[in-house]
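One chain, chain A, links the two complexes that follow: it is found with chain B in the first and with chain C in the second.
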Partner chain A sequence: MTEMPATEMPATRFPKEIAPWDVIELTIPVRTDLVVLARLTAATLASRVGFDVEEIEDLRLAVEELCLSLVRNGDDGRLRLRYTREGDDGIAIACTFEAAPGRGLRELPVDDLSIRILDALVDEHGRSSEGGHKRAWLRKRRSRTVA
Partner chain B sequence: MPNDIRPAEATREKFAEFAVTRDAVLRDELVTAHLGLAHQLARRFANRGEPYDDLVQVASMAIVKSVDRFDPGRGVEFSTFATRTVIGELKRHLRDKGWAVRAPRRIQELYLELGHTISTLSQDLGRSPTVAELAKAAGAPEEAVLEALEAGQGYRTSSIDVPDRQEETLASRIGGEDARYAGVDDRSVLAPAVAKLGPREQAILRLRFVDGLTQSDIAARIGVSQMHVSRLLAASLERLREAFAEEE
Partner chain C sequence: MEQAFDISEREGTAAPVVSVSGEIDVATAPSLRNRLQARVAGGDTTVVVDLAHVSFLDSTALGVLVGALKRCREAGGDLRLVITEPRILKVFEITGLTEVFSIHPTVDEALEAPPR
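Now for the complex of A and B:
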């Protein structure tokens, strides 16, 4: 486990093309049985962008890893996910952990394994903090060219 | 000991040497040195209806493949390359075997159909199909396909309408046991632990994880039943796990 330097998510590659319907926001309690919503949302959006089945499976795993990378045993609070469609071939997902009221934010060393897994599954990823909350993000683009 | 303290340069040199010599002893050493990564990744895929030991076997086999196929000249770290390979193998294993037993019947049936459809379309298209293509071929809505694919990967709470969902915090997935593996230097712990096993157990581990033989092949080779090989493997893996635990 090592500390990882904060990495702000770079601005989207298509800032002028993002329409309100290209952004989906989802907030879920920190519970295993609800992470299915984060995965299904990612899979649905990826399907709309034209990801193939393998890429969608990778994205599902990556979203779960993104959520896992922000919390640890005993944490209570909510995960706020923001999915952004980027152009016609990419998706960016940012996940922010908001601790429950009265629960202080604990330092969270970055798990080397999480980094390796995300390296293997997505094109870009990083971590930062936002308003005192822990935040992790990823980007993945479709490999297939649509005719 | 964190993995990043492992002398990466020494590992690179060994892979460079192995690329030239294909030396069997060096191959064993490289495989053994990275079996901890197999355990770590298998742990991430646990609780999806497949026995943990099976996931470890799949992941360990993927490490062997990774060692054999790794090209140190490409400028990618072995751990990155191996992680991709292991995840790919675990995904395939879960897709084939890790059936989400708690998924509703309609989703189970659709997933079984999708398995065939994915294979056929992949061959026809020369690539992995899209969800839209799958839905069209299966005559099912895209939403149902997405849910079936979710269930097919055997996630612990794979479907929104799972009846017996558990009150479990997300973080408990990566709690104590995960840290147990994360803090282990693979070589310093595994190699001595393997050395403490009996000659037959060591041989079986080598045949299974280094040479890639099936349990049945091993059984035929050493003259015992496949069930006995399974028991010996399980016992050996348990002793290796204990070695990990003692290092906490």
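Now for the complex of A and C:
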């Protein structure tokens, strides 16, 4: 197990102004059978941005690992995911764990396997604590050029 | 449409074959863990896990397989994997687990593989 360094999500490198429909928010209770919703949303949005099949599969797995990096069995609360389209070829996903009232946040080491997967599949990723909530984020850009 | 998660087991071969289909994630991995633990507890030291029909696999699933591999090897056996989907093999490659597991393209080859 390795402690992932706390890093703030850098400001977007895409100068294009983000239109309102380019931000999607999803909030799910922390339940193992609902993490699939985070994957499905990521896949749908990646497809809209023009990611190819392999890139969509990469993002599906990456967002799963993002969620898993914040919660463990027994955690109670909500995962709030914010999907942001960045320019014409990128997606940023920020995931925040909000513990249920009265339940403290546990600082957990992130599984080595999760880190290796995120390192390999996305352009950037990191973790931070914000307002008493744990937060993890990633950024992935499409690799191919659309004619 | 995604294939539903399912586990089936076959005996009567050189080693039991546990076949998994669908997505192995944080919700379904515990079922696989229970089945593999039961196999080793029941005296099977070498087990073949057929992942040919798995469409998604996360770090939780990898953890389950690594744990089962450890138990099999401690008992003097092995855990052999059958992987045919490139995107599933990719997860093992990027995590370095292709160096850890005995990975084969077919169940027959996994069953006939020499001990590691």
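General observations
In the analysis below, the second predicted complex is superposed on the first by the 145 of 147 C-alpha atoms of A that agree within 3 Å, B and C clash if a C-alpha of one lies under 4 Å from a C-alpha of the other, contacts with A are read in each partner's own complex, and residues count from 1 in each chain.
Definition applied: a residue touches a chain if its C-beta (ideal position, glycine included) is under 8 Å from a C-beta of that chain, and two chains touch if they have at least 3 such contacts.
Since this is a predicted model, take the numbers as computed values, not measurements.
Because the two structures share chain A, they can be overlaid on it, and in that overlay chain B clashes with chain C. When the shared chain is aligned, chain B and chain C each come close enough to touch A:L113. With both structures placed on the common chain, the touch criterion links A:L121 to chain B and to chain C. Contact comparison for chain A: of chain B and chain C, B touches the greater number of residues. Residue contacts after overlaying the shared chain place A:T44 against chain B, while chain C stays out of touching range.
Contacts of A:I93 after superposition on the shared chain: neither chain B nor chain C is touched. By the touch criterion defined above, A:R60 lies against chain B and chain C together after alignment on the C-alpha atoms of chain A. Within the superposed three-chain model, A:T32 lies in touch with chain B and with chain C [touch as defined at top]. Of the two partner chains placed by superposition, chain B and chain C are both touched by A:L68.
It is stretch 91-99 of chain B, out of 19-27, 91-99 or 127-135, that runs into chain C when the two complexes are superposed. Under the contact criterion defined above, the residues of chain A that touch both chain B in one complex and chain C in the other are 32-33, 35-36, 39, 54, 57, 60-61, 64-65, 68, 111, 113, 116-117, 119-121.
Interface of chain C with chain A (complex): residues 23, 25-27, 56, 58-60, 62-63, 87, 91, 94-96.
Touching chain C in their complex are the following residues of chain A: 32-33, 35-36, 39, 54, 57, 60-61, 64-65, 68, 111, 113-114, 116-117, 119-121.
If you check the complex, the residues on chain A that touch chain B are 1-2, 30-33, 35-37, 39-40, 43-44, 47, 50-58, 60-61, 64-65, 67-68, 71-76, 79, 111-113, 116-117, 119-121, 144. Taken together, the chain B residues at the contact with chain A in this complex read 2-4, 40-41, 44, 79-80, 83-84, 87, 91, 118, 127-132, 134, 142-143, 146-147, 149-150, 153, 155-160, 162, 165-176, 182-183.
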